[in-house]
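Labels run A, B, C, D, E and F following the written order; every chain starts at residue 1.
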Amino acid sequence: MISARNQLPGTIKSITLGAVMAEVVMDVGGAEVVAAITRNSVEAMGLKEGDSVQAVVKATEVMVQK
Amino acid sequence: MISARNQLPGTIKSITLGAVMAEVVMDVGGAEVVAAITRNSVEAMGLKEGDSVQAVVKATEVMVQK
Amino acid sequence: MISARNQLPGTIKSITLGAVMAEVVMDVGGAEVVAAITRNSVEAMGLKEGDSVQAVVKATEVMVQK
Amino acid sequence: MISARNQLPGTIKSITLGAVMAEVVMDVGGAEVVAAITRNSVEAMGLKEGDSVQAVVKATEVMVQK
Amino acid sequence: MISARNQLPGTIKSITLGAVMAEVVMDVGGAEVVAAITRNSVEAMGLKEGDSVQAVVKATEVMVQK
Amino acid sequence: MISARNQLPGTIKSITLGAVMAEVVMDVGGAEVVAAITRNSVEAMGLKEGDSVQAVVKATEVMVQK
C-alpha cells in the first residue's frame, strides 16, 4: 500500500520510447491520462499496450482548475 | 492553454482547510481524486463543494502501477 | 483559473525537441526559466521561439535557497 | 551546485507557519513567487522576512501556459 | 509494482500531524528521509513509529548536487 | 543551504544521455537511487561516473509504502 492518494484504474493505449524517458498513454474511464516515466521503468515492468494498470499521482501534484 | 497533459473534469466533494494547505476531494467520473493545494489558492479561487472543476496533473508527475 | 500559485510572464527563447520530452527555455524578466515538458505538449500548443507565455509552477514544487 | 535549472534571486516578503507546512512568499524581480515547504525547513534555515534568497525549481516541475 | 524507480527500505522514526498534511521522518540505512504526505494517508495506512516502510520517489523528482 | 529536506550522499554509477533528459544512477549507501534530470544539467555540472554527489529530494515528493 502506497501513500499516494490517487490510483486510477485504466488500460495502456500506447507507449512511446525515447532514449531516457517514455510516454505512456492510458485510457482511464474514457479519459486519456499521460505519464512520463523512465524508459527503464517501462522495460523493467514489461509494460505494453492493452495492459491493465493504475495511474498513480501524489495529492501534492494535483492542481485544481475552474 | 496549459502544457499539463492531464485535465480531468470533475466536481468538488469536500474541502478541508489547514493553516497553510488545503485538501480538495473531487469526484472525477465516479473516482475520487485528491489535491493538496495551498489554502490561499482555495480562497483566491473561491472554491466550494459542488463546483465544477478540472483536476490538472503534469505528465511527469504520473506513475504507472501494474 | 488554475490553483498553481506561480505564473510568471515571459517569452520563449529556444526549444529543444527529444523523442518524448522537450526543453523550453524562457526569458522571464531577464532571468532564464527552463521547463521540461512533453514533446507532444509543445506540438499540441504550437509553441515556438518568440511566443509570449507564462511559466507556471505549483507552490509545493518551489524550494528556498539561502 | 545543484542540478535544478531554475534559481531565481529574490527577497522573502512573508512567511505563514502551519503545524507541518509553511508558505514562503518571495519577491522575485517584482513578481511574487510562493513556496510551500516544511515548517521544519523554515526553522532549520532561520528564514525570516527580508532575507535574500533564491527560489529554486526543477525544470520538470515547470509548465508552459499560452 | 509501481514505476517509481526509488524505493528505499526504512523505519518510521516520528510522525507530526497537521490539519491537512503530515510529516513522516524515516531512518533509511542510517540517513534521515522526510516525507510530507496528507494526514489522511497516514490515518488510512495506520502509520506509526517503528513501522517498516519504504520511502518511494519518482526519478523525475530527484536532483543531483555536487 | 537549500530547503529540500533530503540530501543523501552517494556516488555516480552511470549516466545515460538522451536528447533532452539524462538518467543518473547513484549508489547511496549500497542502494541505487535514480535521477531524471536535463541533459543540460549533466553537461553544465560536468557530471561523470565516480563523482561524489548528493541525491536531493523535496519532502513533498516522497511517498511512504508499507
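Note that in this section a residue touches a chain if its C-beta (ideal position, glycine included) is under 8 Å from a C-beta of that chain, and two chains touch if they have at least 3 such contacts.
From a predicted model like this one, the values you see are computed outputs, not experimental measurements.
Considering the contact criterion stated above, the chains in touch with chain B and with chain F alike are A, C, D, E. The chains touching chain B as well as chain C are A, D.
Chain C is reached from chain A by a rotation of 120°, derived from superposing Cα atoms (nearest 5). The interface of C-F is repeated, with over half of its contact pairs matching by residue number, by A-C among D-F, B-C or A-C. Chain B and chain E touch with mostly distinct residues; of the residue numbers seen at this interface, under half occur in both copies. Comparing mean CA positions across the assembly, the chain most remote from chain D is A. Relative to chain E, the most remote chain by averaged C-alpha coordinates is C.
If you average the Cα atoms of chain B and of chain D, the two centres end up 22 Å apart. Put simply, the C-alpha centre of chain C and that of chain D have 18 angstrom between them.
Multi-chain contact residues, meaning those touching two or more other chains, occur in chain B at positions 1-5, 18-21, 23, 34-38, 40-41, 45, 56, 58-61, 63-66.
Counting only pairs that meet the touch rule, the chains in contact are A-B, A-C, A-E, A-F, B-C, B-D, B-E, C-D, C-F, D-E, D-F, E-F. Listed in rising order, the residues of chain F touching chain D in the complex are 1-5, 35-38, 40-42, 45, 56, 58-60.
By the touch criterion stated above, chain A contacts chain F in their complex at residues 1-4, 18-21, 38, 40, 58, 60.
Residue ranges of chain E in contact with chain F, taken from their complex: 4-8, 12, 23-24, 26, 28-37, 41, 45, 47, 51-66. Residues 16-23, 34, 36, 60-61, 63-66 of chain A are the ones touching chain C in the complex.
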